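Order as written gives the chain letters A, B, C and D; numbering starts at 1 within each chain.
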C-alpha cells in the first residue's frame, strides 16, 4: 500500500468540487450511500442499483474509448486505452462475479432496460464529450471517478458505518483499497495537466456547469436505486 | 389547406409505432395530454413543461444541425438546414411569445436548469445520432415529430376534449393546423427514403430499440410536467 | 458599402496569421492566384479548380452544420445555421450559375470524384472539429474564410493584376465586394469572442498547429488546380 | 501456424474488392510495393514512408478507439479495445524498433509534419466513421487491414521478388507471418457479421464509394513514398 493520500481540494478538481458545494454534498452523502454504510439499505434497492451499474459500465467504457479518439498525444491515447481495457476486462468481470453473489446473472443485466437515470447520466457525459473536447469529457467523468473514492473514505471514517456483518461490506472493500484511491489520485492529476493545455482557466464557467450537472445526475442515479 | 391525411400506419414509421405498442400508447395518451385536452391540467404543471420545452427545442435544433453534418447528399443537407432554421427562427420565437402569455420570459427559460427528463431525452437522441448514422438519428427524432401530430389529432377527435374556454386551446391550435400535419407527413415519407438507402430492413431490431427508448423518454417528459 | 476595412493583424486571427508566416504567404500568393489575377491562368486549371470547389462547398456546408451542433449558446447556433443556409441556398446556386458560364454543369460536378487535395483539406477541417471543440473547428475554417478576402484585396492592389478583359474578372469581383469583406471581418470578430470563452490563449500551440496545417492544405488546393 | 488460407473473394469484402477492380489492383501492385519486393526501392523513399507510417499508426489507433465508442455490443467494444491496445502497445513499439534500424528515431517521427497523403487517408477514414456508423468506419479501414496481407502474399508468390539480401526483407517478413494473416481473416469475417446487422446489402452503393476512395488514398500513400 502506497499510503498516498487522496487530496480532494487540489487543483481544478478541487475548485470544481468546492464550487459545486451543495450538489456535491448531496451526491457523496446521499441516503442511498449512508444506508449502504449502515447496512440498512433494502437489498432490492441495491440489486436494482447493481443491474443499472452494469449498464452504466458499458457506457463508461464507451466514454473512455471516445477519450481515446479525442486524444491529441500518444500518451493520452495510451491512458484512455488502458482505461477501456481496465473497465471491460477487469471491472466488468469483477462486477459480474459480485452480482452473481446477489443472484443476478450477466444475461439478466444485459436484458435489463436502461433506467431514465442511467440514460440521463451516461448520454449527458458522452454528448458533452462529443460536442466539446477531451477536457469537457474528462470533467463530466470526474464526479464518478473521484466521487466513489470520497464516498467510501467518508463512510469508513463515519461512526455510523457498520463493517461487521454489513451485507454491503464487500462493496465498500472494493472501493476502499489503495488501487481505487490511486485511480482517483491519478484522475485528479491528469485533469490538471489536461486543463492547463486546454485552457481550463478561461473555460471555467462552462466546465463548472458540466461538472454540476454530472454531479446532479450521479445523485439521481443513487436516488434511482433508493426509490425503487 | 391541403387536406392530406396523416397516415400513421405507413412504412417504416408505421411498423415502429405498431411494434412499440404499449410504450407508444402510454406516450400519446399520457394523463398530461388528456388533462391538457380537458382543460384540467394544473397551470403550474403546464408552465414547468413550457420552460423545459424551450430547453428541449435548443437541443432539438442541435439535433437537426447534426443531421445536416450527417447528410450524404446535398438534398439531405438542405432539408436538415431548413429544419434548423424553422426551429431557431420560427418555432422558438413563437414559443417565446406564447410563454410570455403564461408569464414566462425567455431570460427565465434560459436560466432554468434542465430537468433530468429533458437531459435524458435530448442527450439520448443526440448520442444515438453520433454513435450511429443519420437513420439512427432520424428514428430517435420520430416520436417527437409525429407524436405531437397524433396527440393533437386524437385529442380533437375525443369527446372529452374541451375547446371553448380551455386555457390550453391555443397550444392545441398550434399543432392542429395543416402546417404541422405536413411536417409530420413529410417526416414519415423521408424516413422511408432514408430507411431504404441505409438498410432499415436489416437493422430493424436496433432501430426499434432506439424508437422504443425515445418513446419512453417522451412519456417521461410529459410525466415530468405532470408530477411537479 | 460600409467601407469597413479588413484588418488582418487583429486579435487571435492576426496572431495565427503572423505565426504561420511562410505557409500563409505561400497560400495567399500562390502562383495559381497570381496567374488568375494576371489573366494568364490556363482555363483547364481554372475549370478543374471550379469543379473541385463545388465539392469543397458541400463539405464546407457540412462543417457549418457541425458548428451548429457544437454550439453552446442559441446565438452561436443561429450564426452557424445562417452560414449553412448562405452556403447551400446562396453561394452554391451562384457557383453553379458561374460554372455554367465555363461550360460545367452541376450534374458533372456532382459526378466528379473528389481530388486528393479536396479530401485532405475538407476532412482535416471536419475531423479537427469533431475531435476538438468549436474553437478547433473555427480555427481550421479561418484560412479559407479570411484568406479569400486577402487574396482578392492583394490582387486588386497589385499592378500585375489585369481587370479589363481578364477572363477571371467575374471571379475576382465576386470576392471583392463589401459583402464578402463583411463575412471575413465578422469571422475575425467571432473568433476572438469564441477564443476568449474557450481558452485560446492557453491552447495557442495546438490552435496554431491546426491553422498552419489548414493553410498548407489550402495552398495544396490551389496547387491541385495549377498542376493539372 | 494455423495454415488457414486468406480467402480474398469471400463475403462483403470480396464483393467490394472485386467492384473496386482497377483501384484495388493499382493499390496492391503499386510500383512502390513491387520495387520493395525486388529490393530496388530507393532507401530515401522507404524512410519517408516509414516516418509517415508512424504518423498513420497514431491515427489508425484513434480510428479503433472511435470504433470502440461506436460499438453497440460489449463484444464489439472488446474487439475494438483489443485493436487499440495491439496498435499502441505492440505494433507501434515494433515500428519504432524497426525504424531505429533505418536510422529514424521516435522523436524524429513525432516531429515530422504529416504529409498531404497521410492527412487525406487518415482523416477520410475517421470522418467517414464519424458521419456514418461503425460499418462505414470498418469499410474504410479494410483496404489497409487486408491490403497489406494481400500485398505481401502476392510479393512472396512473385518470381520478381528477392528475399536474399533484400534490404526490405524484414518488412516483408513482418506481414508475411501467420499472425498478420489471422488479423486479415478475422477482419473479413467481422465485416460480414457487422454488415449483416447494419444493412450492408441495401447500403452497398455507399459502402463501395467509401471503399474505393479509401483504396485510392492507400495507393496515394504508396505514391507519396515513391515520388519523394
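One rule holds in what follows: a contact is a pair of C-beta atoms (placed from the backbone, for glycine too) under 8 Å apart; a residue touches a chain by one contact, two chains touch by 3 or more.
As the structure is a prediction and not an experimental result, all values here were calculated from the model.
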Any chain in contact with chain B as well as chain D: A, C
Touching chain C and also chain D, the following chains: A, B
Taking each chain's C-alpha mean as its centre, the one farthest from chain D: B
B-C against A-B, pair bridged by the larger set of C-beta contacts: B-C
Intercentroid distance (Cα basis), chain C paired with chain B, Å: 37
Chain centre separation (chain A, chain C; CA means) in Å: 44
Inter-centroid spacing, chain B versus chain A (mean Cα positions, whole Å): 32
Chain A: positions in contact with at least two other chains: 62, 69, 126, 130-131
Residue numbers on chain A that touch chain C, as the complex places them: 69-70, 72, 130-133, 136, 196-203, 206
Residues on chain B engaged by chain C in the complex (per definition of touch): 58, 61-63, 65-69, 71, 74, 77-78, 80-81, 84-85, 88-89, 92, 110, 126
Residue numbers on chain A that touch chain B, as the complex places them: 62, 113-114, 116-117, 119-120, 123-124, 126-127, 130-131, 213, 217, 220
